[in-house]
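Note that subunit A is present in both complexes that follow, paired respectively with subunit B and with subunit C.
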Partner chain A sequence: MRISARGTYLTPARLAWMTAALAAVLGLSLVGAALLGPVHVSLARALAGGDASPDRVILFRTRLPRVLLASVVGGSLGASGAALQGLLGNPLACPHVLGISGGAAVAGVVALVAGADAVSPLVPLAAFCGALASIAIVSGAARARGRTTPHAVLLVGVVFNALAAAVLMLVNALVSYTQAQGVLFWMMGSLSTQSYGLIAGSAVYSVVGLGWLVLHAHDLNLLTAGEEGAQQLGVDVERTRRSVFVASSLLVGAAVSMSGMIGFVGLIVPHLLRLILGPDHRLLLPASFLGGAAFLVWADTIARTVLAPAELPVGVVTALAGGPFFIFLLRRSLRRSVA
Partner chain B sequence: MIEAERLSFAYDRGPVLADVSLTVAAGELVGVIGPNGGGKTTLVRLLSGVLAPDAGVVRLDGRPLAAYRRRDLARRLAVVPQDPTLEFPFTALEVVLMGRAPHLAALGFPRAGDVEIARVAMARLGVAEVEDRPLDHLSGGERQRVLLARALAQEPAVLLLDEPTTHLDLRHQVGIYDVVHELARARGVAVVSVLHDLNLAALYCDRLLLLAGGRVVRQGPPAEVLDAGTLSVAYATDVQVTVNPVTGAPVVLPTR
Partner chain C sequence: MSRHALVLALLVAGCGGAPTPPPAGPPARVVSLAPSATEIVYALGAGARLVGVCGQCDRPAEVAQVPRVGGYLAPSVEATLAVRPDLVIAVPSPGNREAVRAIERAGVRVLVVRDRTLGDLWDSIPALAGALGIPEAGDGLVTDLRQRLDGVRARLAGVTPRRVLVVVDHNPLVVVGGGTLQDELITIAGGTNVVRDVGSAWPTITLELVVARAPEVIVDAGMGDEGSARGLFAGLTTVPAVRDGRIVRLRDDAFFRAGPRVADAAVALADAIHPGVLAPEGASREAPPG
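Showing the complex of A and B:
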């Protein structure tokens, strides 16, 4: 049996092969990125050495948690971007551009400032609620007569994003110096954590969100025929919309509460994967999770090595890659809507 | 099979349909004609259940549409839209397979039989050879035939078509209505089709419904509805009606 990346239609076999291939890429990326850094680390010494061996400490206390977190956050952003693009019928949608990450950050920061501990589960919960409210507001405002016009969504998102940034600056100005440092961390995006427990917690959020999305993946395919078209093919559009809202918010909430606002992962990754694998969401959603994870692992590796020993915020790296990409896509979409 | 009883519907900007009734039996092909803005597309949306009427009711097999789950309705009723656009590059075969969705489990993976049904439908409409091309790489005419193939793959008891031949040349117009006509005759599908071409309507339809200003002007066999006086008033254009010497069907000719 011949299995090509695109194929004429998606079979379970192709889904399994492509997912396995991407999982392998992610696995190799995790190992490779963990071994890379300003200080050379030997895998053999780290595994053989005692608990106090420097190789072991750097690898398992510093690098590995960071790489794992990057994969959870990148995967969440990639999958939620793919889902939002499908739901809104807009290849330019992503949680960052639409201000959903911003809304989640505002809610998370408010929870922090109101006294929640940084490691308390209240922060991801608040971020989840903020993301959910933002999706509802942005898609509701851009919707008329049961249709969301693509450019209206982006416009509303841009405005909403600016609003969220302003609220974050406002909070930043009102709180103490130490708290303000925390707020800055949320706005720039960072992956420096050391707690396996926290990573595991956000991974649970992400996997639940991804699973929930995959259950609605075929409905998202049918939604490309428009809301009425999807209804005529048997889709309960309102239920699908609500499910995708909640599941994407789980993903964005998990990502933002752990790492702040990291942009454009949810835009670039689903877009490139759609070119290679085709638009079927049953494959695109898990693929965007795995691909987003690998993408952010490498982006963060660049962020922490390129100016070593100094470190760039990873959000800077993804924005430098994603900004021009977004403009390129917007140009193409405008050309097409004029033609 | 499908019956609409005294439908009225208004958008924000004003009433679009008033007191429209229509019954279509299994195996019947009914054409909906009338000037632009007469309410034809709105009637199709009401009959497919994506819009709910302000007054009146649509019944399928005696049950109001509102009592159906979407999925159950989609197994019985298929729609070919007027202007098929898809945002993402699904292949023609993937699009036709979407017609199998209401018959499949949640993740919607087609069984061998479903792929066979989809390919047979594509072959019937002459789009088999473009099955692996993305929909947005096809011509307008090919796209419309792919969308009709999708509706065929849905295996509905009722088929609604909203001007399915706008982008088609003469050969494909006739080709599509040959398929639709055969579907009604051989499989007993109840078909409602919006048409702009009155001569095509006269050639294929068992009955016509003339809608103008949201009201039924006349309903009946083509020979009765396609009356020069009635049409001239409904379309606000002078027309002549003669008889096709070969088929005996009425032929409508504009005059100036």
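Showing the complex of A and C:
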């Protein structure tokens, strides 16, 4: 199936202008979200006070790292979702459906149960390897005679994801109550405060992944229009697929390893932006990164504040806020395309 | 009588009537489906009557000999009925509800006791003792436990309560909230739970709330290793517990069970919150095996 929307011709000026606008939105979101939280913080006291000021500790040691993490995770999920939807030509493609996040979660949980500490960097590292391994397994299983069929990738991915979920449930049934809490974390997804070092590490992975994807944006555009046509225009279809898979799993690995399986961002944000900005991947990929980042930053802000001082799982917010809004936009565009 | 009618009659007889006559006297074959209840049965001196326990029932040590009849929250109806119990003890939980109902339908007497708070314990001990036909043992156990808890309170009477946060999981950060046995134990052990008002029994909280509530002691009752809680809270220099190095491990399953070891849990917790106050001559922090 073809994903179509308002086709606006993408000029370099429009690309620069839109990217800058979204970057500004993200920047403002980061500042705004850092100022909101369950505890009231005075910015003046935070900036003036030394390390003895609770305001400063809250702002710079607990809230800002979490807001930054939300942006890295949201951006990674958004960009990888956009790339996978384009690559597989299927509107349902997203990191979760393809089993990449499931594989990452399984690896993380196995590391956890094997005795790695919940807050040690070993667990994200294992999850990251799990993401890479899953995409290798899924795309490998969907390959025959050197060709990868998109719908086979989707089917294998769906099955692999169900398999991963079953493994998570199995582990959940076998481990003790306290360890089961850790398994639940991977299944539900949650953002917590991490060290700046770990956040910077995952940011490096996601920026590399995004850059890699953007380099293939033009080929992705041609692929979306049709595989045969793309081949005739000189696109090495198999190589492009492999590159996009690896880049996407870099992004998903960076996201899931830090936050578990946060749903809806990778599915909704790219669609939303495609409806607004058009299907050109040169704009859509960076826009999905910036938009996904801003979306998750705000979803997490709601999760932190709405039940304050207790916290809500962020996946609840992404689904509750994203779902209806997405259906509204989709209906609007359906009406327009029918009229 | 036609064959169909005979089969029907047999079926009706098999389903409706009690398969075995109700035993006279106190139950002799007891199954416990909760670790807390198992411990209470042993403390009442009726451990020898247990013919089945749940997979998580690990105290006291003798219980290792008793057959398992499934998980704490997922008991096996068949395994339970197979040991022919005349009393099954369970705690209320959505996980075991269907299984417990099925056991009841099979004609076995079921006693459901709550195990969330100290109040539940004061109710469940007499209820269990009564059902086992040894009410005076129940009264004795309640009196003994109440006296030991009062003893802990009395010895901490002159001590200023410390502001305490008890962590049960690190990622996400899950802590002990109000309305729980653990919250009551914090109070008995000379602490004030800084997140008692947060709204649920086991709330997930943000790290910034830890900064805002500024606990003087952080008790880490989670699974992670020694360094993990220290790493999690390391940057929070304004929190007194972090500043003064009062992040204490508490590895004691008694803390999570409304059973006969609550007094031991209170002592262990008091040692964590006010080190050295309770027992200057070095009483052990380890919970006794029984």
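Just so it is clear, the second predicted complex is superposed on the first by the 260 of 339 C-alpha atoms of A that agree within 3 Å, B and C clash if a C-alpha of one lies under 4 Å from a C-alpha of the other, contacts with A are read in each partner's own complex, and residues count from 1 in each chain.
Everything below uses one rule, namely that a residue touches a chain if its C-beta (ideal position, glycine included) is under 8 Å from a C-beta of that chain, and two chains touch if they have at least 3 such contacts.
Given the structure is predicted, the values throughout are model-derived calculations rather than measurements.
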**Prompt:** So, A:L307: does it touch subunit B (first), subunit C (second), both, or neither?
**Reply:** second
**Request:** Classify the contacts of A:A166 with the two partner chains as first (subunit B alone), second (subunit C alone), both, or neither.
**Result:** neither
**Prompt:** What is the contact status of A:I327 with respect to subunit B (first) and subunit C (second): first, second, both, or neither?
**Reply:** neither
**Request:** Identify the partner contact of A:G89: answer first if only subunit B is touched, second if only subunit C is, both if each is, neither if none is.
**Result:** first
**Prompt:** So, A:A16: does it touch subunit B (first), subunit C (second), both, or neither?
**Reply:** neither
**Prompt:** Looking at the overlay, what does A:G37 touch: subunit B (first), subunit C (second), both, or neither?
**Reply:** second
**Asked** Which of the residues in subunit A end up touching subunit C in this complex?
**Response** 37-39, 41, 51-54, 57-58, 61-63, 66, 117-120, 173, 176-179, 181-182, 185, 190, 192-193, 304, 307, 309-311, 313
**Message:** Could you list, by residue number, the parts of subunit A that touch subunit B in their complex?
**Reply:** 8-12, 86, 89-91, 150, 214-215, 217-218, 221-222, 224-226, 228-229, 231-236, 274, 278-280, 282
**Prompt:** Which positions of subunit B touch subunit A when the two form their complex?
**Reply:** 45, 48-50, 69-75, 77-79, 81, 84-91, 93-94, 97-99, 101-102, 106-110, 115, 131-132, 154
**Item:** subunit A-facing residues of subunit C, complex
**Value:** 56, 71, 74, 168-174, 195, 197-200, 203-212, 214, 222-225, 227-228, 231-232, 235-239
